[in-house]
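Could you have a look at this structure, given as C-alpha cells, before my questions?
Order of writing sets the labels: A, B, C and D. Residues in every chain begin at 1.
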Amino acid sequence: MQFIYSGITSGSIFALVALGFNIIYNTTGIINFAQGEFVMIGGMLIYTLLSIYGIPLFMAVPVALLLALIIGILFDKIFIKLVKVPNEINLITVTIAAATIIRGLAMVIWGRNTLNVSGYIPYSVISFPGGSLTSNSLLVIAVSLLTAFSLSLFFKKSSLGKAFRACYNDKMAASICGVDVGHIRMLAFGIAAFLGVVAGIVTAPITYVTYTDGVMVGLKGFAAAILGGLGNFWGGVAGGLLLGIFEGFFASILPSGYKDAFAFLIILFVLFLRPMGLFGKKKAERL
Amino acid sequence: MLQINQVSITFGGLKALENVSFKVPDNSITALIGPNGAGKTTLFNIITGFLKNNTGQIEFENDDITNLPPYKIFEKGIARTFQNLNVIKELSLPENLLLGIIGKDKPSALKSMLRLNSSYWNSVTERINECMVLTGIQEWQNKKVNEMPYGILKNLEMARAILSYPKLLLLDEPAAGLNNNEKEILIELVTKLKNRGITIFMVEHDMNFVSTLADNVVCLNYGRVIAKGTYQEIRNNSEVIKAYLGDTDA
Amino acid sequence: MKKLLLIGMLLIFATGSSFAEYRLGALFSTTGPASFLGMPEKQTLEMLVEKTNKNGGINGEKIELFMYDTRGVDAEARKKFIRLVKRDNVNAVIGPTRSGSTLAIKDLAEKFQVPLLSCASSDKIINPLNKYVFKVAPSDKHAVRKIYFYLKTKGMENIAILTAQNGFGDSGRDALLSEAEKMGLNIVADEKFRDNDRDMTSQLTKISERNPDAVICWGVGPAPAIVAKNFKQLQIEAELIMSHGVASKKFIELAGDAAEGIILPAGRLLVAEKLPDSSKFKSMLVDYKNEYESTFGESVSTFGGHAYDAFMIIKKALLTAGKDKEKLIKSMEEITDYIGTYGIFNFSKKDHNGLDKDAFILIEIRNGDWELLES
Amino acid sequence: MKKINYLFLFTILLILVLTKLLIKNEYYLSIVIFGLFNAINASCFNILLGYTGIISLGQGAFYGIGAYCAVITAASYGISPSIAILMASFFSGILAFVVGYPTLRLHGHYLAMATLGFGMIIYVFMNEMAFLTGGPSGFLDINKFTLLGMSIYGESEFYIFVASMFFVFVVMFELFDKSFLAYKLKFIKESEFASKSFGINIFRTKLLTFSLVAAITAFNGGVYAYYAGFISPVSFNFHYSIQLLTMAIVGGVGSVSGGIVGAAILTALPEFMTAIEDYEMVLYGLFLAVTIIFLPEGLSGLFKKIVGKNASN
C-alpha cells in the first residue's frame, strides 16, 4: 500500500508539471522542454529567499511566485517571441536551448551542490492503512491539488480564463473576437512558470534542490501530460497521479532497477491502445 | 462506374449519412450538391477510404471497395483533389506534380537512387510537361509555389490527379475561390478530361458551374439523397428548393 | 567553408605547445551526477599545484596543470584524455573521478604510455594490471569488508542492499554480493534506485518486509539522504549503513535528523581532529583539512583526498625520476610507506593501488557530526 | 530528376582527405572522428525528421543497441567484428520494425513521447542486464577491430575507415536526396492525407524508413564501439538523442548538408570552450538559441543563401 501514498506524492508534482505543459501546449501547440527547469528554479528561489536572505516564509512564497510570473513572461519575450520562423520544431528546439541556458545559469549562480530547504511545517509521520506519509508529503499533495482546482476555477469563471479557453479552441476566432493571442501566450508562459515554481517550492524540503533536477521532473511531467492526453486539464492531473502510482507500484513488485522501464512501457501501451492519451479527444482532422 | 449502395455513417449519435444510394455512370460528369453540412465531403471521404461507413457498400467497376485503405482505392483508379490545398511550398511546381506519378507507377527506389532507369524518368518528365500544358500551368513551372495565385494551385492539384491516369476523378469544390475567368478555364479543362474518357464526380456549390458541366446531379440534405437526375430535373424539385432556401435563410 | 575554417583553427591550436615545465593533466567530473566528487578533487589539485609552484615547483621547475571536465560521460573522458596526451603533452594524468570513465581510458593509457592515477574505486582499474594505470582510491571491497566485519561482530547476518544505478552503486553492489558470499552473510533483498529518484519508500517497504538486520545503501549525491529520510519515515527496525559515497558534510546537512546513527566506512580525513594524537595520519590530515577549508570556505571531503594523494605520489615520483615516463612509472612502483589521506600506500610492480582494508575506518553520525566508531 | 551535386560530394571528399593530410595530431583527429559519427547519426535523424516528419527521440537507443550487439556477439561467440557489426545493424533494423509497427501510428508529440520512452526502456535494460552489457560500469572486453583480416587500430587507421564509411554514407544520402524517394517522404511529411489519397502506403513507407535508419545508426554504433574500445550506457541515453535533434536543427533540417554541418559545429564547439568550463552550458544554450531564433533554416541554410547570393552577383 505504501506505493500508493508515495505514488500520489510524486504524482501530484508530475500533475503540476503536466498542467504547465498543457497550458503552453494549448496556447502555442508546442511542448516546452524547459518546464522542468521552472520547478528547479522554484526550489532555488525559495532556498535563496529563505536561507540566504532570511525572509520569512509567508513573504518568501509570494515573492517567489511573483518572480515566477516574471520569469515566465521573460521566457516568452526572449525565446518564443523572437523566433523568426515559429514552426513547431523550431519552437520546441528553442525551449531545449532555453532549458540548457537556465540550467547553466543555475549552476553558475547556485553552484553544483545539492541545496537543502528545511520543512515549512513541523516534521511528523502520519500513519495510513498499510503505510505512512510525512507531513511534508501531505503538504505537497494538498498544495498541488489546491493549485489545480483554483486554476480550473480561474479558467472556468474569470474572463481572462475564458479568453484562454477561447484560444485553445480556435486561435483565429479568438483573435477576431478581440482576444490578444500574443498576450494570452505570454500569460500562458507566466502561469506555466508559476505552476513549476509552486511545484519546486513544495517539493524542495523533501527532494532538495540541485541544478540538474529539472531534466527528470520535466520528462516525467511530459510523460504524465501525454498519458492523460495533451491539452486536457484534468487529464494532466490524472496522468500525473497515475504515473506516480505506476512508478511506486513497479518499484514495489519488480526488481526495482527495472521500475522506470515498466513505467514507460505502460505509457507506450496506453498510447498504442489510445493514441491520444487516456482522456484526450481525437482532434477532428480538417480534410 | 461507381455505385453507392445504402451507405450510412453516424458520428456519436448524429447520422451524417443515411442510406445514401446513387450511381456515377461511366464517362459522365456527376455533381453532388447540397447545403453546408449535408454530408458531401463525408461521402467523399468514405469513397476514398478515409472514413469507414457503418453500413452499406461502395462498388467501383463492380468491385467492392468498401473500407479499403485509401492507397488501395487510389490503385483501383480513383484520384481526388482537396478543398484545402495540399501543395508543398518548398518544392517547385513540377516537383509537386511528382506525387501523382509516384503513387501510380510505384517506381523502384533502388533503381532511382542508382539512376538506372533514366529512360523511365525522361518519360515522366514528358508526362509532367504534357500535363502542365493540358492544365495551363506550364508558364508557372519555374515560379515559387507561394507566389502562385489560388487558381493555379487548384489547377496544380488537378494536374497531379490527372497524372495518375485515373478512371474516376473526384473533385472537392473545384470552383470555390475562383474568379469567373478562372472558372471558365476550369470548365474547359473538365470538359477536356471528360472527352479523354475520365469519369468525373464532384462536390460543388456553384450552380452555374454545375449547370454547365454536370450530366447528373445528386442532391444531399441532412445526410439523405433528396433528389437525383439531370440539372433541369433537380432545379424544379421542391425539396431541393426548400433545402437551399432554408439554407439561405439561415 | 566552415569546416575549412574549423580545421584552420584546429591547426593553430595544435602548434601552440611548449615543453618547459612539468605538465600535469587532470580529468574530473565537475559537472554531471558525480560533480560533488569531482569538485573537491579539482579544487584540491588546484590548491596543491598553486602551493607547489609558489614554493619553487618540483626540482626548480613549475608545474603546469591542464584540467578538463568529463561531465561524467565516458566518451567525454576518452576525448579529453587524448586531448591531454596529444595536445597538451602532459607527463601524467590524475583522474578521472568515476570508475567507468577510468575504465574507458585504461587502454589508451597503455597505448600512449602515459601514467594515469585514477581517483575511482573499481577493482577492475588495476585488475587486470596495466603497467601505466594506478589507483589512489581504495577498492570497494575494502569498504565492504570493513562493514561486514562489523556486522559479523554484532551478530547480524541478514542484509538488505540498496544500490544506486550508476557506476559507483554498481561496483559497490558487485563487491557487496561477492564479499557476502565469502563471509557467509545472507543478502535478503537486493534493490536499486536512480540518482534522480526522489522517493525510495517503495524499495524500502519491500526491504522491510524481508526483515533484514542491516540495510546497506550504496550511492552518492542527494539520493542516499532521501533513503535515510524515508528509512526513518517507515520506522524500519534495522541498522542503516551507508557507503563512503556520502562521506561529506553535505550528506548530514541534507538528511538532517535522519542521519543520526548511520554508520559508514570512510577515510580518516573526516575525523582528522578526533584521531588520537598518536596516529601518524593526524597532523597531515589536519593540515590538509584546514588548508582546504580556509581556501574554499567549505568542508573538506574525502574525495578531495584522492586528488591530494595522487598529487603527492606523482610529485614524489617526479622529484626522483623526472619526466621520463618509464622512470616515472618505476619510481611510483617503488613508493612505500607513503602516508596518504586514505592510509599507507605501498606500491609495487604487482600492486598499483597499495592500500588495504585499513584504508577505511568506520564512522557513526552523532549529533550532526562524524564520530569515530573504532580506530 | 534533380542533378546530383557533385561539387558538394567533391568538397566533402576534399575536406576528408585534407583533414588526413593536415591533421597529424591524434587528438584533433579523434575529435574529427567523433564528429563523423555524430554527423552520420544527425543525418539519420534528419532523414526521419526533415524528410519523413517522424520525430524520434530514441535514436540514441539504436546507436547503443548497435554498439552493444556488435561487441557482445563478437566477444562471446568469436565472430569477426565486421560481421558482428552487420549483424547488430540487421538486428537493430528488425527491432526498429517491431517497435515502429505500433509506434509509427502515433503522431507529433505522442510519437516523440513514445520514442523517448523506448529510449528510456533500452537505457534501463543496458544498465540492468549487467551479465550481458556490464551494467553502468560499462563493457570492457572489446576485441580489436579487424576488417578482411586487416587490423584497424589507432586514430589514424580508424580515421581512414570512418571517413570512408562517412563518405559512402554521404554519397548514398545525396543519391537518396536526389531520387524520387526524397519527394515521396516529403509528401508524407507535408500531408499524410494527400499522400494517402495518391496511393502511397504511408505506414509501410514510414516503417521501412524508420527501420533502415535504425539499421544505419546501429551500424554506426557498432563501428563507434570498436573505435572507442569501451562503451557504457550513458553515451546512449536520452541526452544523446536530444543532442542529435539539436545538431539536425542547428544544421538545418531537410537537406543533406544539415546534419553534417550541425554535427561539425556542435562537436567542435565544446572543444573551444574548455577554458570557460563554468559557462560552457550557458554558452552552448545561447549558441543554440541564437541559431534557431535568427537562422530558421539552420547554418546550412545560411551558407546556401550566401553562396546563392555570390552566384547571382
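Everything that follows uses one rule, which is that a contact is a pair of C-beta atoms (placed from the backbone, for glycine too) under 8 Å apart; a residue touches a chain by one contact, two chains touch by 3 or more.
All values derive from a computational prediction rather than experimental measurement.
Participant: What chains do subunit A and subunit C have as common neighbours?
Facilitator: D
Participant: Between A-D and B-D, name the chain pair that shares the greater number of C-beta pairs in contact.
Facilitator: Of the two interfaces, A-D and B-D, more C-beta pairs touch across A-D.
Participant: Let me check something: if the centre of a chain is the mean of its CA atoms, which chain is farthest from subunit D?
Facilitator: The chain lying farthest from subunit D is B.
Participant: Nearest chain to the global Cα centroid?
Facilitator: Per-chain C-alpha centroids compared to the overall one single out D.
Participant: Please compute the C-alpha centroid of subunit B, do the same for subunit C, then give the distance between them in whole Å.
Facilitator: Subunit B and subunit C have C-alpha centres separated by 72 Å.
Participant: Report, in whole Å, the distance between the mean C-alpha point of subunit A and the mean C-alpha point of subunit B.
Facilitator: 46
Participant: Could you tell me the distance, in whole angstrom, between the mean C-alpha positions of subunit A and subunit D?
Facilitator: Those two chain centres are 31 Å apart.
Participant: Return the distance between the CA-based centres of subunit B and subunit D, expressed in whole Å.
Facilitator: Comparing mean C-alpha positions, subunit D is 41 Å from subunit B.
Participant: Of all residues in subunit A, which are in touch with two or more distinct other chains?
Facilitator: 107, 255, 257, 260, 287
Participant: Please output the residue numbers of subunit B that touch at least 2 other chains, ranges allowed.
Facilitator: Counting only residues that touch two or more other chains, subunit B contributes 50, 82.
Participant: Which positions in subunit C touch two or more other chains at once?
Facilitator: Answer for subunit C, listing residues that touch two or more other chains: 30-31, 165.
Participant: Would you tell me which residues of subunit C are touching subunit A in their complex?
Facilitator: Counting only subunit C, the residues touching subunit A are 30-33, 35-36, 39, 165, 190-194, 196, 198-199, 201-203, 205-206, 221-222, 225-226, 229, 233-235, 250, 253-254, 256-257.
Participant: So in the complex, the part of subunit A that touches subunit D is made up of which residues?
Facilitator: 25, 31, 79, 82-85, 87-90, 93-94, 96-105, 107-108, 219, 222-223, 226, 230, 255, 257-258, 260-261, 264-265, 267-268, 271-272, 275-277, 285, 287
Participant: Which residues of subunit A touch subunit C in their complex?
Facilitator: Counting only subunit A, the residues touching subunit C are 2-3, 5-7, 9-10, 107, 112-114, 116, 118, 123, 125, 131-134, 203, 206-208, 210, 212-213, 215-216, 247-249, 251-252, 255-257, 259-260.
Participant: Hey, which residues of subunit D end up touching subunit A in the complex?
Facilitator: Residues of subunit D touching subunit A: 49, 55, 102-103, 105-110, 112-114, 116-118, 120-121, 124-125, 127-128, 193, 238, 242, 245-246, 249, 253, 278-286, 288-289, 292-297.
Participant: Which part of subunit D faces subunit C closely enough to touch in the complex?
Facilitator: Of all residues in subunit D, those touching subunit C are 15, 18-19, 22-28, 30-31, 34, 127-128, 130, 135-138, 140, 154-155, 228-232, 234-235, 261, 264-265, 268, 271-272, 274, 277, 280-281, 299, 303.
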